[in-house]
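For reference, the structures are reproduced in the following blocks.
Across the two complexes that follow, subunit A remains constant while its partner is subunit B and subsequently subunit C.
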Partner chain A sequence: MESTATHAPSFLNTAREQQRTMVEEYYADLAKAGGPKKPVAYMLVGGNLTEIVRSFGYEVVFPEIVALNCAIKHVSLPNILHAEAQGYGLDVCGYVKNDLGLQELGGETPFGRIPPPDLLVCSFSGCYVYVKWWEALAEKYGCPLFVLDVPYMREPEVQAEDRTYLIAQLKEFIALLERITGRSFDLGELRRVLVQSRRAEEGWVRYLASGRHRPSPIEAYFEAVFYMFPINVLRGTERAAEFYATVNTEVEQRIRSGQYPVPEEKVRLVVEGVPPYPSYRTFWDFFRKWGAVSVAATYPKVGGLFDQGFLHDPGRPFESIADYSLAAYVNQSWPLRRKLIADYVRDYQADAVLIHGIKSCRSFTAGQGDLRDWLIHDLHVPTLYLESDHEDPRYFAPAQIKNRMDAFFESLGPRREGGPPPTEGS
Partner chain B sequence: MQEAPGSGPGGPELPASLEFSDDLTEFLRQPSLDQLLQLARDVVLDPTYPTVRAWTRPGRRAVGCFPVYTPQELVHALGLLPVSLHGGGENVEISHADAALGSFLCSISKSTLELALTARLAPFRAFIFPYICDVSRNLEGLFSRLMPGVETHMLHLPQNFRSEATLPFLVAEYRRLIAKLEKAGGEPYRPERLEASIELFNRQRRQVGELTATKRDHPGKLTLTESYLLRRLGGLLPREVHVPLMDRVRSEVEQRPARTKDVLRTLLVGPFCEQPTLDLIDLIEQAGCSIVDDELLQVHRWYGSVETGGDPLVNLARAYVQSPVDIGVRAAPTSKGEAILNRVSAAGAQGVIFLTAKFCEPALEDVVLYRKALDRQKIPYLHLEFDERSTTFEQSRLQLETFVESVLFD
Partner chain C sequence: MTLVAGVDIGSTTAKCILLDDGRIVGKSLAPVGVELVKDAERALEKALEGAARERKEVQAVTGTGYGRFKVTFGQYTLTEIGCHAKGAHYLFPGTRVVLDIGGQDTKAIKVSDRGEVVDFAMNDKCAAGTGRFLDVCAGALGFDVSEIGPLSLGARHPVKVTNTCTVFAESEVSAYVARGKDPRDIVAGLYASVVSRSLSLMQRVGVEPELTFTGGVSRNEGVVRTLAQRLTLKVNVSPLSQYVGAIGAALYGLERAGNPSP
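Let's turn to the complex of A and B:
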């Protein structure tokens, strides 16, 4: 069943080029930011308030995204080692260590200098480490820290008391921004920005939904990660909205021309977990050699479950921002996560689930072993569970991971043809 | 009290476990403080929750409360026994939970799940997991699947302490908890019952405060292990038993001679959730430290007392929101560096021991900030990592003795 083809992964050409340009320009702009003329806010991806913060003239840094960019460019380890020398232990999140190490080393990266913050906005949405990380930054820089306390999602529907709490905090946040900047909040401007956010989100949802086609015209894990940048970082700009129009045009072109992410789709996967960024291409290759394509994945939803209807709405600005902030993937309880994954398996006609647990992120990972057990024994879905890290290259064991993946994909072949179930991962 | 041959219902063969009478009168009948402490030690080391098994035998119901903080007054007010869970300790072998939880996680999460999967949490009708970290939060999701027939609740403890909306949110959150507990067999919520529970718990909190003050001001009267065992019982026994017990303990402690010796007055920081073994707690003071304040068993010390009068549910929520506690699982009301220096000063400590559980990220991240502040003030400290299942401490002993000597004989 193993494919002998070793094509390089194919991207959507124009979209990939646009994405690359947007990333480069974003970091170039950041390098010039800081101070009263162009203040800098640090923000977290899950439940972020980028539309509000940008409406007050801030440039926004997402240290998680800086960290993953460092990892994928193989420059995270020196930052991590520097943080460890400062006292951050082996068991501390790699994103945190990359960022705090990088801060101590002056913020220089191969893609530009990361300016220090003037404001820290901690959207506590699904990750307790967010609170600790932002406390450390507040201690270092002494700048204002705002904690948006986002209740954990335990029911499928947004609860009225959660929304009320969030809206009250959003209004207090706006009052804080008005005090700090001396500017007045412009609701009309926020609505205009949210129009663009909505356009981008609808385009992103359309892109993700195209994984339902057989064969899938998209790679919903490895490729989608590249296209997450605008939805998380540049949301609210016209450029981000236009970007997804380009993406979807090229996806349609792929379907018309029959050019799919792998030459012959043999395994359709749902992938759960954060990618091992330091070995991103190697990990992807382990899929591609078996003709395995991710048709849906949970990781691209860390910034928000737009595909589940949590879209910004200019007609309900505060309500929709509140609801959106609840909808970070890791802010969903395990029962909600399990249901989402089961729905993806059914709706995207997946053959199997691959879970990638990471050492750094307990929020994502704690309980993934039980998820595997549930998928295999209750849903009878072949499932493989692997572990490494998303940031620290020392935890990626390529030979071991490859062996397990090879065994898993090998055993899927007979099962798909009506044979016995796979042994690996059960 | 008697020892019964133990075997967990549906679980593996267990070591012999303790048996008590339904009303746990054995504790009040112990002839001396030393014998009470020995009994407390036996109870703490027994992973089958013997006191809870006894109390629930006539049909009463118990609720397991994962660390660090839950509003146990509320559980009590519904006629349920709130019980502080503190993992399995050194006597629980992990054979099922590893596979469900994954690697790189703290031992308390694994041993708590292991207790559940081996039926040793059978006496409990409900479990509360507060959002003190991502692992505790996720554990509730596993319990909800793996423990059919019991209620579970993930309690969202707010982290924005400046918003005017936080208090009403927490009241609403407590109402969600009440609904779950009523489903678990709790009596319908009545404010006057909660008011009475708050008064009882306030009394217990005062007693624990007095105990820790005695330990701080007269270190020779009480060892850390003794103080710990008495507090630990406070989360296991019904408060109706523990409160009179502590009244008796206080008078016995007062009569003890105040032994004095050369010791290092030390603040113990870090073990607010997973608990070190009793041997390790013993070792700290054997090495020459006298612990004058600590983060063990925070549930009793989250606030001094809860207001009475007015709406008790609001009072309970306000006590949490306005608490001055500054530990790793509560967003810092002040700078971390300032907080540790204030605590060193308030306790009259000469040094600090950071005793952090393996994989406990909140504690590990705070240590860096604390250390920077202590370095600036030239206050000595030592950082040790532990695991609730560790049984050998030679390396820790060496580090502790070296630390004490380096400060006392500098």
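Let's turn to the complex of A and C:
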């Protein structure tokens, strides 16, 4: 029978505490930011230009991350409903509706007040809805909008013409920042920020690579999401770089003491897709009851494919920023995304792939059905496709999702062992 | 002698099957209410009564279906997906694909030659194309769902009915009734809609012989005929097709009873 008592998931205690403090302080500082003392730039996570705006003294807000924080704290729905009352349709992205609803409601969240933007940087233009989102904000606040036009990655390597195109836009962006702020661009300051970014990225890569161990000392999807905040929001600060040193020290302790994310690792998964934040814990519990651990996942790479070598380099500031933006996971073509996932299955010795599609985002989700079929039929990798939403709690149907997951995990037993399926629960 | 029971608590009915050394010796079927634990117990008791067997003889009880966790007196649970694969393989050993249309779910299940689940696909969110869909639309036509099975046989110009939303389909049926369309043509349109939705699920797992059709809707001869017309392969339907989940559950209990360590 199913085990009804599910123990709380384990975390890296010191790192989790540090992360919690960093989040609280970040939002507390944001409430004080804005205006002439510390201007605020809104940016998108994919391919973001954090280092450049930080070098001009901006504080950075990522409305996608604000939105997911709202969702995980169960306060996204009022914002979404408010946006729908303004005329945004059911099919519009939940991140967009959360933000636009929140902006109209005054920006107050349980974790602090989100200041309005002084500058809008649309760093990922692969999603047309995102461009419109930034345009709506620009119209509301009357602030400058810079749209970085990032061509899709069509080949595994960055193409020289794409890099040149991006660098030209970065130079335009810097000229805009100089005009707005009245400050001259300081290459030395950018390099100093990039040094910290690089340190954080290397630490993050090391953390994610530890999923290759058997059993895995990390939960590379649900748990890793908690440690994404510094790499995405605080990248370029010394604090973020130090944070990953703490994380990795604790992972090593976990290996030494044999304390793993689940008591017994029964299924190793690669997970693709954005989590259902409004039902995050429930969804996680559905995995843990089966002893299933994500050993690699694509979602933690939306802020950068650092593990594929696209790291910032203080010695090549513009080239490395351009390459990083081009190689953002959301900017990868489907053949490249598919290969990456297949490589993770091989390199992390995964038993299966779980895909979580989100109703909100057709551009990210559209090829996931084909991905499922390719993994099952061409690579013979057991794969389950589930759908709900990352932001809107109305689309998470727990009974249906659990039933599909239970059936999937049941079926993995005979496929892996040639014996009868395991009894549910651990 | 190894007596085991499988109890399938679905969205509409509770089914129980008793197996004695792998042979079916008892069964029961009754609608479910809101007290699922009692429904499950009654299903088992009724099956035991029909087989003239006693509760103490039962060596393993396995719960399946959405209400499987309400089979609180059982030892095992298995999803209805796994059970339908086992049950269909038991009835038709050549089964490679199972189409199960129950009260609120449609499932296409690819099955190995040992009756194990290889892949599956299910309807999402809406119950369009399921038993409930037929129930609602039959009501809009003024029939009980049990009466419409053969009605499509005399259809001459089947209408088109949406299969994306049960409520919209019901409105469409009402509109066809208001326009004076022949009920036989409307029912034929409903069956085409159900089958079309099922086909897209089956195509996701891959259609290959043999196909075994299970669940309450497989009792509807009009749907079975429409399905057979759309496919160029034989469709297995057992008189026990509503019990396939319970049969699979009982078989699982039998495996476990013979090999108790997981």
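Everything that follows uses one rule, which is that the second predicted complex is superposed on the first by the 411 of 426 C-alpha atoms of A that agree within 3 Å, B and C clash if a C-alpha of one lies under 4 Å from a C-alpha of the other, contacts with A are read in each partner's own complex, and residues count from 1 in each chain.
Note that in this section a contact is a pair of C-beta atoms (placed from the backbone, for glycine too) under 8 Å apart; a residue touches a chain by one contact, two chains touch by 3 or more.
Here the structure is a predicted model, which is why all the values come from computation and not from measurement.
A.B. asks: Contact-wise, after the overlay, does A:Glu387 reach subunit B, subunit C, both or neither (first, second, both, neither)?
C.D. replies: After superposition on chain A, A:Glu387 lies in contact with both partners, subunit B and subunit C.
A.B. asks: Contacts for A:Leu305 in the overlay, against subunit B (first) and subunit C (second): which applies, first, second, both or neither?
C.D. replies: Touch status of A:Leu305: no partner.
A.B. asks: Per the contact definition in the header, classify A:Ser411: touching subunit B only (first), subunit C only (second), both, or neither.
C.D. replies: After superposition on chain A, A:Ser411 lies in contact with subunit C alone.
A.B. asks: Contacts for A:Ala292 in the overlay, against subunit B (first) and subunit C (second): which applies, first, second, both or neither?
C.D. replies: Neither partner.
A.B. asks: See if subunit A has more residues touched by subunit B or by subunit C, and give me that chain.
C.D. replies: B
A.B. asks: Have a look at where A:Asp149 lands relative to subunit B and subunit C in the superposition and call it first, second, both or neither.
C.D. replies: first
A.B. asks: Just checking: does A:Asp373 make contact with subunit B only, subunit C only, both, or neither of them? Give me first, second, both or neither.
C.D. replies: both
A.B. asks: When the two structures are overlaid on chain A, which partner does A:Ala397 contact: first (subunit B), second (subunit C), both, or neither?
C.D. replies: Only subunit C is touched by A:Ala397; subunit B is not.
A.B. asks: Regarding the shared-chain residue A:Val92, is it in contact with subunit B (first), subunit C (second), both, or neither?
C.D. replies: first
A.B. asks: If you lay the two complexes on top of each other, which residues of subunit A touch subunit B in one and subunit C in the other?
C.D. replies: In the superposed arrangement, which is not itself an observed complex, subunit A uses residues 373, 387 for both subunit B and subunit C.
A.B. asks: Contact residues on subunit A for subunit C in the complex?
C.D. replies: 1-2, 373, 376-377, 387, 397, 399-400, 403-404, 406-408, 410-411, 414-415, 420-424
A.B. asks: Show me the residue ranges of subunit B that touch subunit A in the complex, using the header's touch definition.
C.D. replies: That would be residues 98-105, 109, 131-135, 137-142, 144-146, 154, 156, 158-160, 162-166, 168-169, 172-173, 328-329, 331-332, 335-337, 358-362, 364-369, 371, 385 of subunit B.
A.B. asks: Which part of subunit A faces subunit B closely enough to touch in the complex?
C.D. replies: Spelled out, the residues of subunit A in touch with subunit B are 86-89, 91-93, 96, 124, 127-129, 131-133, 135-136, 138-139, 147-149, 151-152, 154, 161-162, 164-165, 168-169, 172, 330, 333-335, 337-338, 357, 359, 361-363, 365-370, 373-374, 385, 387.
A.B. asks: Would you pull the subunit C residues touching subunit A in the complex into a rising list?
C.D. replies: The touching residues are 66, 69, 74-82, 112, 114, 116-120, 122, 124-125, 204, 206, 252, 255-256, 259, 262.
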